[in-house]
Amino acid sequence: MNGFACKANFSASDFFFAGLAKPQPINNTLGSIVTLASVFQVPGLNTLGVSLNRIDFAPGGLNPPHEHPRATEILFVLYGELLAHFITTANVLVSVTLKQGDIFTFPKGLVHFETNIGKGPAASISGFNSQNPGREDIPTSLFAATPPVPDSVLSKTFQISYQEVDKIKSKIAGNP
Amino acid sequence: MNGFACKANFSASDFFFAGLAKPQPINNTLGSIVTLASVFQVPGLNTLGVSLNRIDFAPGGLNPPHEHPRATEILFVLYGELLAHFITTANVLVSVTLKQGDIFTFPKGLVHFETNIGKGPAASISGFNSQNPGREDIPTSLFAATPPVPDSVLSKTFQISYQEVDKIKSKIAGNP
Amino acid sequence: MNGFACKANFSASDFFFAGLAKPQPINNTLGSIVTLASVFQVPGLNTLGVSLNRIDFAPGGLNPPHEHPRATEILFVLYGELLAHFITTANVLVSVTLKQGDIFTFPKGLVHFETNIGKGPAASISGFNSQNPGREDIPTSLFAATPPVPDSVLSKTFQISYQEVDKIKSKIAGNP
Amino acid sequence: MNGFACKANFSASDFFFAGLAKPQPINNTLGSIVTLASVFQVPGLNTLGVSLNRIDFAPGGLNPPHEHPRATEILFVLYGELLAHFITTANVLVSVTLKQGDIFTFPKGLVHFETNIGKGPAASISGFNSQNPGREDIPTSLFAATPPVPDSVLSKTFQISYQEVDKIKSKIAGNP
Amino acid sequence: MNGFACKANFSASDFFFAGLAKPQPINNTLGSIVTLASVFQVPGLNTLGVSLNRIDFAPGGLNPPHEHPRATEILFVLYGELLAHFITTANVLVSVTLKQGDIFTFPKGLVHFETNIGKGPAASISGFNSQNPGREDIPTSLFAATPPVPDSVLSKTFQISYQEVDKIKSKIAGNP
Amino acid sequence: MNGFACKANFSASDFFFAGLAKPQPINNTLGSIVTLASVFQVPGLNTLGVSLNRIDFAPGGLNPPHEHPRATEILFVLYGELLAHFITTANVLVSVTLKQGDIFTFPKGLVHFETNIGKGPAASISGFNSQNPGREDIPTSLFAATPPVPDSVLSKTFQISYQEVDKIKSKIAGNP
């Protein structure tokens, strides 16, 4: 296809988005929220292979372990202080402390997460080399999927009892 | 590079591998073991973008939740009966029962897992569209990384206590 | 496009296929038959860049010289014994004997072929790094095309007489 | 190569960079300065296909017409107010006014430029889908190359006299 | 998509084009004209990633500074004598004199231009690694866009007065 | 790698080649000769994904059935008259007559061939979307490989006797 089957008429607004400008309200247990600027929000990104997102963190907030199946992420701290990590395929945890303006890289498909370790709120902007990076969230994909992942799988995976599995499922389903 | 900086002299053995022919011994808690035929085992795969692996399952064995950062997987059942699943980025669990000779697809970067639901051992061969797909294993990356993922992150992610985190860590570290 | 213009609703069956499970009947002169599991049989492979096929061989059967324009192939022997070959662009013949469970690689676009050298039937499963590898079969493309390749071309190419060309054409057309 | 010939040992600092955190001094005629965070500054970006940069603008400052041969750019306004433009291959000028937090896209290889139209300084962060996007700056490539572009070419291109060409050359060489 | 959503029925004419066979009339100030053989003229090129064009030059004619956002170009001189140049991202001017049958390369996205330095007409055929390379023409994109690039931008970019900007605009608009 | 591990110092000559300018002497049975301008002859093509070649044809000359594993070809007739063909994966022969200046496309990996049907010599220039397209020549790969393709394979493939196989082998080995 290569940039061919696109809109017959376009305007500047197809390449523009204002939705990352302001912090979004954070009303969940984890204390973080992600706002996307991918091809769904910015139609002009079609075929161009790039997108952004914004993450807002409450004090102590966590963007929980997740990975992007189709993109590497490079994160820039707008304000606040973050502790950021990714885990390699050799199970090495790679960690940095990030202050305002620092950047860090999360290679394609590797599990990563960030915690707001500052006193106030924090926010970041990330660039992705896909117009639709996707996000596989580890806790909700495993403990809040529809239909649910069988207890037997989760019990064996994490070496916990069925009751412990069900307790996590009910907490995560209740507080995504 | 495009197939350029390769070996000056090659032989047929660079494109051959016998290491997937036999079941491998399974001596772990989960009851499964993966054998790779990627560019590290088959040097002729360099620049060719394809590889295979073999998975052996004990009765009841689980290949635990994991994803491949750089490849889609298409699995063929050599023998036995498997229950296979992947989870989409919308947290939909997609499941099938597979008998000998059936195939199933695990899209790039999505978390997936398989359980041997037959009475005897089972085995599969998978094709990947990368010479080095990589594997991010969810339980060991989160609970047995070096250095370890902080208890605070795992406690918040799975909404369990620090003691519960430490219990899982010690079990998984002891029985990878 | 990048994984975008896909089905609005999908099910597990889009990623599943049972058609490689059993040997297919072999009723041709060459003694081999190929069964595909590409995007046409497995619609969920769309945009994922991977596929499988199965080849069944009668004793002495030949999968004749051919190449895949859009994929490298990596072949695994299900049972039986094969003599497999590919020819490089420098006209080097690369050959191996393969037993059950052995694998061999056919680099993208290179002519290759396999013979069943065992006493009984043989079968293989191959992985491809394309959802639609294509197959250019050398004998039928040259001697059984529609419309036919001119006798003058084949006579000059193989340095044989027009009668010899016509004899091959009639045999291959009659016994594809 | 596909992520193969990388460093044998890496550390978190290979994926980190602090050089985009602060405004850079602007001591040129145009009133803007670009700071890179590409694979040269962030070695961990090797093979990952993504990078960032920061642009600082003095009041009235211009990031002059240029294009990136190897990447699409998606720009986020850190602070200030910008008037941003790109020109399509059909010579259509696409323009937007951007306030803090707004984003805009510059498709791969298209000439683009931004002006600070606010009262104070402005700054932006851009994501690129290449680890080394490159930058072809129109005024300096044409009027300050080494060796120089012939006067005859520039005279004919812009339909100006040789003296006018030389005047521009001397101004741009003196005030890059 | 990968070569999937193509025409249901095709014919040889989809892969054929006669439009590069003859010199095109040159009735512009610059003394050159480009004729395309891309996917728009040759529909069979869809998904194949290659195209050609022909450039005719009057004596002294210039193909003015431009770049192709989606392709590298490799030019072959059909007849005549050309002086060809490209400018690197480090502002190095790379130049060669080309006689009949010589070839020269213009890397993807780099500004380049050619002058007919022979006594008679000249012509070239170029190969591109895109079915739709695109062309960003520097003088017309900057001085004849619709709507026009602001005088303030061009004045600052080339360090010339508004009157000089307007004079170039009117000349280029009148003699594209 | 992505355009990274290139020469530290380059010159214009790395992007230039004069070797396609003149017809090459044709001293073989088939009556055609190919001259390459790929990355081996033009080192500046490294990472750029494009190349050219020239084919010279004696009257009646044939460029025999072959395919390029890594590129689509688009051919331009310099002079003379050619009958050109390719064969699809469905064994459809697609044919055109080409006069001076006409172009035709040979999709990646498909077998194709051209005959000079004019009274005098003919020549063509082709563009490829690879810096190293490769060429798998059907008659020499099958009948003049080292070591040789087994007679049993060729006998079965073309349904001819071992003597006929050996006759072709000796002719092609003697007159490549």
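Letters are used for the chains, namely A, B, C, D, E and F, taken in the order the chains are written, and counting of residues starts over at 1 for each.
The criterion applied here is as follows: contacts are C-beta pairs under 8 Å (C-beta built on N, C-alpha and C of every residue); 3 or more make two chains touch, one makes a residue touch a chain.
Nothing here was measured: the structure is a model prediction, and the numbers come from that model.
K.L.:
Measuring between Cα centroids, which chain is at the maximum distance from subunit D?
P.N.:
C
K.L.:
Interface check for copies subunit A and subunit B. Shared numbers divided by all numbers used: above half gives same, below half gives different; which is it?
P.N.:
Same residues, largely: of all residue numbers at this interface, over half are found in both copies.
K.L.:
Going by C-alpha centroids, which chain is farthest from subunit F? Tell me that one.
P.N.:
A
K.L.:
Tell me the angle, as a multiple of 5 degrees, of the rotation that maps subunit B onto subunit D over the C-alpha atoms.
P.N.:
Nearest-5 rotation angle for the superposition: 120 degrees.
K.L.:
Could you tell me the distance, in whole angstrom, between the mean C-alpha positions of subunit E and subunit F?
P.N.:
Taking the average C-alpha coordinate of subunit E and of subunit F, the gap between them is 28 Å.
K.L.:
So how far apart, in whole Å, are subunit C and subunit D when each is placed at the average of its C-alpha atoms?
P.N.:
Roughly 49 Å, centre to centre.
K.L.:
How many Å are there between the centre of subunit D and the centre of subunit F, using C-alpha atoms for each centre?
P.N.:
The mean C-alpha positions of subunit D and subunit F differ by 42 Å.
K.L.:
Measuring centre to centre with CA averages, how many angstrom lie between subunit C and subunit F?
P.N.:
So the centroids are 23 Å from each other.
K.L.:
Hey, what residues on subunit C touch two or more of the other chains?
P.N.:
Within subunit C, the residues that touch at least two other chains are 1, 49, 70, 95, 107-108, 130.
K.L.:
Can you list the subunit C residues touching subunit B in their complex?
P.N.:
Of all residues in subunit C, those touching subunit B are 11-13, 15-18, 20-22, 37, 42, 44-45, 48-52, 71-74, 76, 78, 86, 94-96, 98-105, 107-108, 125-130.
K.L.:
Which of the residues in subunit D end up touching subunit E in this complex?
P.N.:
Contact set of subunit D toward subunit E: 29-30, 62, 64-65, 67-70, 85, 87, 89, 91-93, 95, 107-111, 113, 115, 134-149, 152-153, 156-160, 164, 167-168, 171-172, 175.
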